[in-house]
Amino acid sequence: MASKTLAEVSQHKSSSSCWVIIQNKVYDVTEFLPEHPGGAEIILKYGGRDATGVYEPIHPPDALKKNLPASKHLGSLTQESIRVIDEQNDNREKTKDELRVEQARKKMPPLDRILSLADMEIVARQVLSYKALAYYSSAADDEFTNRENARAFLRFFFKPRVMRPVSFCDPSTTILGFRSSIPVFVSGAALAKLGHPDGEANITRGARQGDIIQMVSSNASLSYAEIAQAADPAQTLFFQLYKHKDDEIAVKRIQEVESLGYKALFLTVDAIVAGNRESDIRSPWVLEEQENGPLYFNQEEKKPEAGLNVFGTAGALVANDDRDMTWEKTIPWLRSITKLPVVVKGIQCVEDAVLAVEAGVDGILLSNHGGRQLEFSLPPMEVLYALRRERPDVFDRVEVYIDGGVQRGTDVVKALCLGAKAVGLGRPFLYAQSAYGTAGVSKLVEILQREILTAMRLLGASSIHELRPEMIQRVDWEPRRASKL
Amino acid sequence: MASKTLAEVSQHKSSSSCWVIIQNKVYDVTEFLPEHPGGAEIILKYGGRDATGVYEPIHPPDALKKNLPASKHLGSLTQESIRVIDEQNDNREKTKDELRVEQARKKMPPLDRILSLADMEIVARQVLSYKALAYYSSAADDEFTNRENARAFLRFFFKPRVMRPVSFCDPSTTILGFRSSIPVFVSGAALAKLGHPDGEANITRGARQGDIIQMVSSNASLSYAEIAQAADPAQTLFFQLYKHKDDEIAVKRIQEVESLGYKALFLTVDAIVAGNRESDIRSPWVLEEQENGPLYFNQEEKKPEAGLNVFGTAGALVANDDRDMTWEKTIPWLRSITKLPVVVKGIQCVEDAVLAVEAGVDGILLSNHGGRQLEFSLPPMEVLYALRRERPDVFDRVEVYIDGGVQRGTDVVKALCLGAKAVGLGRPFLYAQSAYGTAGVSKLVEILQREILTAMRLLGASSIHELRPEMIQRVDWEPRRASKL
Amino acid sequence: MASKTLAEVSQHKSSSSCWVIIQNKVYDVTEFLPEHPGGAEIILKYGGRDATGVYEPIHPPDALKKNLPASKHLGSLTQESIRVIDEQNDNREKTKDELRVEQARKKMPPLDRILSLADMEIVARQVLSYKALAYYSSAADDEFTNRENARAFLRFFFKPRVMRPVSFCDPSTTILGFRSSIPVFVSGAALAKLGHPDGEANITRGARQGDIIQMVSSNASLSYAEIAQAADPAQTLFFQLYKHKDDEIAVKRIQEVESLGYKALFLTVDAIVAGNRESDIRSPWVLEEQENGPLYFNQEEKKPEAGLNVFGTAGALVANDDRDMTWEKTIPWLRSITKLPVVVKGIQCVEDAVLAVEAGVDGILLSNHGGRQLEFSLPPMEVLYALRRERPDVFDRVEVYIDGGVQRGTDVVKALCLGAKAVGLGRPFLYAQSAYGTAGVSKLVEILQREILTAMRLLGASSIHELRPEMIQRVDWEPRRASKL
Amino acid sequence: MASKTLAEVSQHKSSSSCWVIIQNKVYDVTEFLPEHPGGAEIILKYGGRDATGVYEPIHPPDALKKNLPASKHLGSLTQESIRVIDEQNDNREKTKDELRVEQARKKMPPLDRILSLADMEIVARQVLSYKALAYYSSAADDEFTNRENARAFLRFFFKPRVMRPVSFCDPSTTILGFRSSIPVFVSGAALAKLGHPDGEANITRGARQGDIIQMVSSNASLSYAEIAQAADPAQTLFFQLYKHKDDEIAVKRIQEVESLGYKALFLTVDAIVAGNRESDIRSPWVLEEQENGPLYFNQEEKKPEAGLNVFGTAGALVANDDRDMTWEKTIPWLRSITKLPVVVKGIQCVEDAVLAVEAGVDGILLSNHGGRQLEFSLPPMEVLYALRRERPDVFDRVEVYIDGGVQRGTDVVKALCLGAKAVGLGRPFLYAQSAYGTAGVSKLVEILQREILTAMRLLGASSIHELRPEMIQRVDWEPRRASKL
């Protein structure tokens, strides 16, 4: 195929013929336009020109290969065109947000001075691009659920036991039979490249260093293979499955990760449509206003950016997911196509926990998707507490995990007292890798390990088996954070 | 009748003879003075001169015709007098508040960027005149009840169900047999012209676009006929009835709306006297001080504006209402004069809900008038919850609605889980039409529809019949809004 | 007796001979020094000179007569000395606090614009001297109890009844058989002259205008006779009795008020020692620092003002009270010396309410002294609620009143729903008279009357007998005030 | 031994040979390096030079003697070297923090104006060095537990009794048979010299003046003998025992204090490892940044100060403590080596209170170490309340004390109502001695005595035996502090 020139590409920018340039290669995406989960408009905006900058941070490298037939790969740009693009990139004026991030990255504190997950988040919030922060931190509606997930832990106090030998104390456990140095895993969280060029691989390498298990999202920004390659051969990876509405595509995805050595499937059931994450939806406008000033009601000359939709990034990610899964149909189907253990991620009430057990899954992850989906879904810690009181038998029949709102080792220990086998964290790992890459992830595990160990010893427990429901009490008041004034 | 001159009119400005000019026509209101619900003083203040500016936004155009005999319609001004008035109006210096509103109207964001009811209210609060905002937003005493109406929803969390087919999801319902695209209606709210020159017609047209039902207030600032004309022939309108203490006048009002095609009567029972809405009462003083500086205790030369009373706008609106209604007398009387379905609006406890059912009404609207009447009336959501627990049979015998404090689709869905057939919103529609006219109202319905649909799907409900009490849990803590610091 | 000169008086300023000048008369207080409830030091500070300015606002005019034998009344100053004192007073530089008050008094809003008790308090806080405000507003320790008294009302919501005839509505009642236009009385509150030169007489005249009953404090700053004279002959006054530890003095006080026509005795039992009112104790230092700058640890030249004690103004007032009263002894003794009805003021739990009934009193006033005595005494509204649940029979056997924290007509109506016969207010009347004199007091009654009437009508009650426990519900959440940001 | 020169000493600054100068004496600490509880690095930082400034405030004078064999005491510096050190000290530029403290010390208010423990703390917070304040005030993790200890008291209200004779009122009691003027003792708190050069002796002398009992910490910054010498022969001292992991060393420590006349052992069981006190851990960095500016991620030239560890000061203090104590082993062992009464300090739940009783101890101190150890340990006041409800028999079998969060006399009285024999305070005494030395401590006792006496009288109790559980009620709401705006 002959190399293309920029001039040639620029002819193809309409819905009747739309080409885009990604990393100096040209693609004909005309037929893909109606299928693009993020909508056709955002592609058309970049039709006929270079889209690498916006494409890269939110797509794995194999996305084009998986979604476009080979015939639509139109080949490379000419050397001259590549030179022009490079020059344009070199000369492009940085946005205010990019300049802000640059400054913030220069002022990051040494990693040694990060004492807690909160410290890590503070740094990450400063060095993340506005868009990345909006995607990572946003939650549904007014973000009550997101805050309540964390606050729920505050209503649980310890009844510590003294005069027990704890000089030896072991916080390790297994999850689905796989060893973990502490009862903590990385819960699936998408688009790590938004925060750091190495993306999910930072988490993979940090998880190895800390000897914990990573659950990789279907919506990872690296390919599943790239992540598997970043892992040590003996390292355990789990896979967070968003089931495609087309069973065949779904099967292909499962077979891919199974062959790559992923060890379990966490079927996500709480995100069949996107939650209403307003900060994320609003972020393109905020950036636009930051550069060009506000847009007013009657302004004729300024038009809002095309391609915005009220479901934001999340909407694009789940656009093709299966909204009609059922216990009767989906679990047996999954069993029929894979031998991997199956965990249901997104159980939000006792009734569904019981149904999941009856459907024969290997584990359940009590989660409301970090408060990003249904606003006012009960906090997982409250669901765990209800499950312990109402159906303690469930803990004997499947492994139970929770995620959402975990900030401290004491949070983890509280969940374990109530019967959780392990506790997942999502955003904290995204923040850690965004700020400090692999070292940040490794540091995070180290902090949690230290906090868990301290809490266990002061509770009088020398192994996780000694963490018992009797050691915890739900109180009828709520501690308040110190006011910062 | 000979045309009048300004000079002639200006002779009549006392309680023995009082003329006023409204839209270039002259009226003798001497005999009407003692009957004016807003008091004689405010009319006397404008006696002998043009009162159009203060009259128009708070009276429907047929108010003069309904209240003044033809003999008191003294005819037009002379052309020269009309010219003088126009000139005066053109030359009148704008008040600080008018200038503020003008500026704010220029800076309204595009409607596309309004993502939530809160966004809409923020804009409306900026572009409304101080007086309109005071009337719309004010509530009784310290406005606890108003805030509690909204906060009550925060104490109800969902127990979402997963693995249910929801790709098809229908949020439509009927109210008294009339279709509504979502389980939401416009609850009666007075004086829309205060916020926008097109007044209630904005809501009528927006309701049609969104396919929901509007309840029109007895105290609308357009005539009932004008509103009916703004509606599509197939569109459903309900009427919020404030019963006049004079039965004959009350009958006339009912017959008028029945003949105009209104489809149901919502008899208002919680506003027999006006609540103590201090912000509204205070608003004329605030405006006066803004223009002329504060008034002090011992100032001789400055006198407070006449015509103020401690019951404010609300007091004027209900001055002639019936304070002696009873279940035994009023409902049968109403049935005797109309075939329209009758709903009682303003039920505030379980006991009265039961009495209403026994009185044979078609529906009850649990409402405390948006917190504008009795301070510390229980939030409707709490009354609904008590009704569900104590008298679930009521839901089988009449349709139950609530209004007050609704801000999100999840609020609507919570009420439906507990058995409400539909949920009313008042202030949000006033804000929407004030800011963006008909388009604002239509946008509001669109937002609610999207939020309701998302909540239903994430709850696992594909129709409103699948929303059940088991899906909701009242919690013993209270979520807090993020602090804005 | 020969007139004294300033020079002569100035010789007597030690504990061996101490003279003071009050309103141009000279008194020998040497023997009184150890008996002075406020301590000897404060008198010695003014020994040998004019003490009128500090004496007047906190002593009734007959205090000298009652406490000093005639032989210690040394007669008048010479005319020349009087001239010198007048000149000194005229030339005295005003303190910063006096100048602040002067300015604030000029900026008081017209009384018509006072819509609520909160409005009144805001004005009073601006125009009161620092010392007066500290005495009036202060409460025990960290003032939790004071705030909780008010917040307790917020936990009670109404279950309003509709469709009841209320065009006629009568809020009047009787207290111990004496008529009151509304179920509200002035609760005993000391030292009204601190806030206004006419002192308690403002309240007396305002109470007459509003047709309510005033309870006069033993520690009034006018004499009991002066207050009686300010009253209309038909007007009802009650007396708040602080029992002197010396029974004879106590009897004399009771006989005095009985002969002056006071109609009942409210025996105060919750203030046998002074509460720890830190703001009051601190106020002299604050004023001193305001004038002269702060006092530091090692400053030699500056010495703290003499006469301060850690019990403040309150300590002085109760220094001679009886700390050993008992049910067995005190009530029979009181009955033996007076025919007036006896109410016990300061009941703080159900057990003591029952003991009071058994001791045969005519009424009980549930009160914790406005939070000024024992910090963490339960709010009276909570005690009332407990009494209603645990011992409803008490309401049939004695009249029950409460005071403390009342700010709104709804507060009054809530207490009446639970069975209170009437509700007392103390501080609000002090604030009202301080700011606007008699007119302020009268305005306060008018506001309460309007608010009570509105609340009763909207509750569906046409008389206070229709206010029932079923109309009120204690809720498990707490409304919050709007943030002022 | 020949005197050493600075030049000679400076040769020994590595782990193979490390000398330090303390108060002009030279010590060879090479072999001690690995045993130093605070880590070897911090010593190496001062190797080969004068370490007096950092050593003194946190080590008792006999620490060197106890920990270093005589052969390692290398003798004095030469006079010339001493002169050089003195000169260096004289010329050393003060740090910003030292200058701040100097200024603050000049502005301390006179002690007479300290009315409450809060007043005292405010002064102390201003005059303490950053490091001392960080150590004294810090608590575990986010310091919820520390705040909750204090807030727990707010949920307990009084049901005061009136008409009881209280002119005579005696707040004195005994603790383990030893008299105390009020039911308050000084709870063990380490490192008083950080706040004041006289250290723990201030507390000893103040406790004597106030006639209360001091519990001396194993980690006192004066030697146990020095403290005993500061005491009056008749004065009672208790000893807070941190048991060394080496039983022989532990026995030696117990025998020492027994022979010095200490009267009881409070075995500390809640601090076997250090809590995560982030403010304390962070304090060296904050000071460093204050002097030299912030340290950034990629700075090459600046390196973080050596010797920091994530367990901070507390970690060093407990590094050698016994983490394997048990009821079966440790209590009998303790009984076998001492006749002193044994109290277990750090009981945090009812179950362990019962085990302690069964183990035959003389008393239990309900404590979570001032919130400095396990975050989310229940507040002692809540544990006391649970113990009263669930196991009231415990109060008859051992003496029960609590500490943590006490700020007011009412807090003390509340604990006594529930059955506590006495209440300990730690931080408040550290603050008092830091600010005002002995006089501050004495003042603190005086304030508490006054507050306890007032509370008892207003409660109707004339001795501590009349404080009963019926006088207290746990409420279901929480009082809020006044906002300071």
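Here the chain labels run A, B, C and D in written order, and each chain numbers its own residues starting at 1.
Keep in mind that, in the parts below, a residue touches a chain if its C-beta (ideal position, glycine included) is under 8 Å from a C-beta of that chain, and two chains touch if they have at least 3 such contacts.
Please read all numbers here as calculations on a predicted model, not as lab measurements.
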Expressed in steps between touching chains, what is the minimal separation of chain A and chain D?
-> 1
Farthest from chain D by Cα centre, which chain is it? Let me know.
-> B
How would the chain A/chain B interface be labelled, same or different, where same requires over half of its residue numbers to be shared?
-> different
For the Cα fit of chain B against chain D, please give the angle of the superposing rotation, nearest 5 degrees.
-> 180
Centroid spacing, where centroids are CA-atom means, of chain A and chain C in whole angstrom = 63
Rounded Å distance, chain B centre to chain C centre (Cα mean) = 45
Junction residues of chain B, two or more chains touched | 476
What topology does the chain touch graph have (line, ring, star, complete, other)?
-> ring
Looking at the whole structure, which two-chain pairs count as touching?
-> A-B, A-D, B-C, C-D
Chain A partner, complex, touching residues on chain D are 141-144, 147-148, 151, 155, 269-270, 272-276, 278, 281-282, 285, 294-299, 304, 308, 310, 323-327, 330, 344, 346-352, 355, 368, 373-378, 382, 476, 478, 484
Contact footprint of chain C on chain D as seen in their complex = 106-113, 115-116, 118, 154, 156-167, 408, 410, 414, 436, 450-451, 454-455, 457-459, 470, 473, 475-477, 479-482, 485
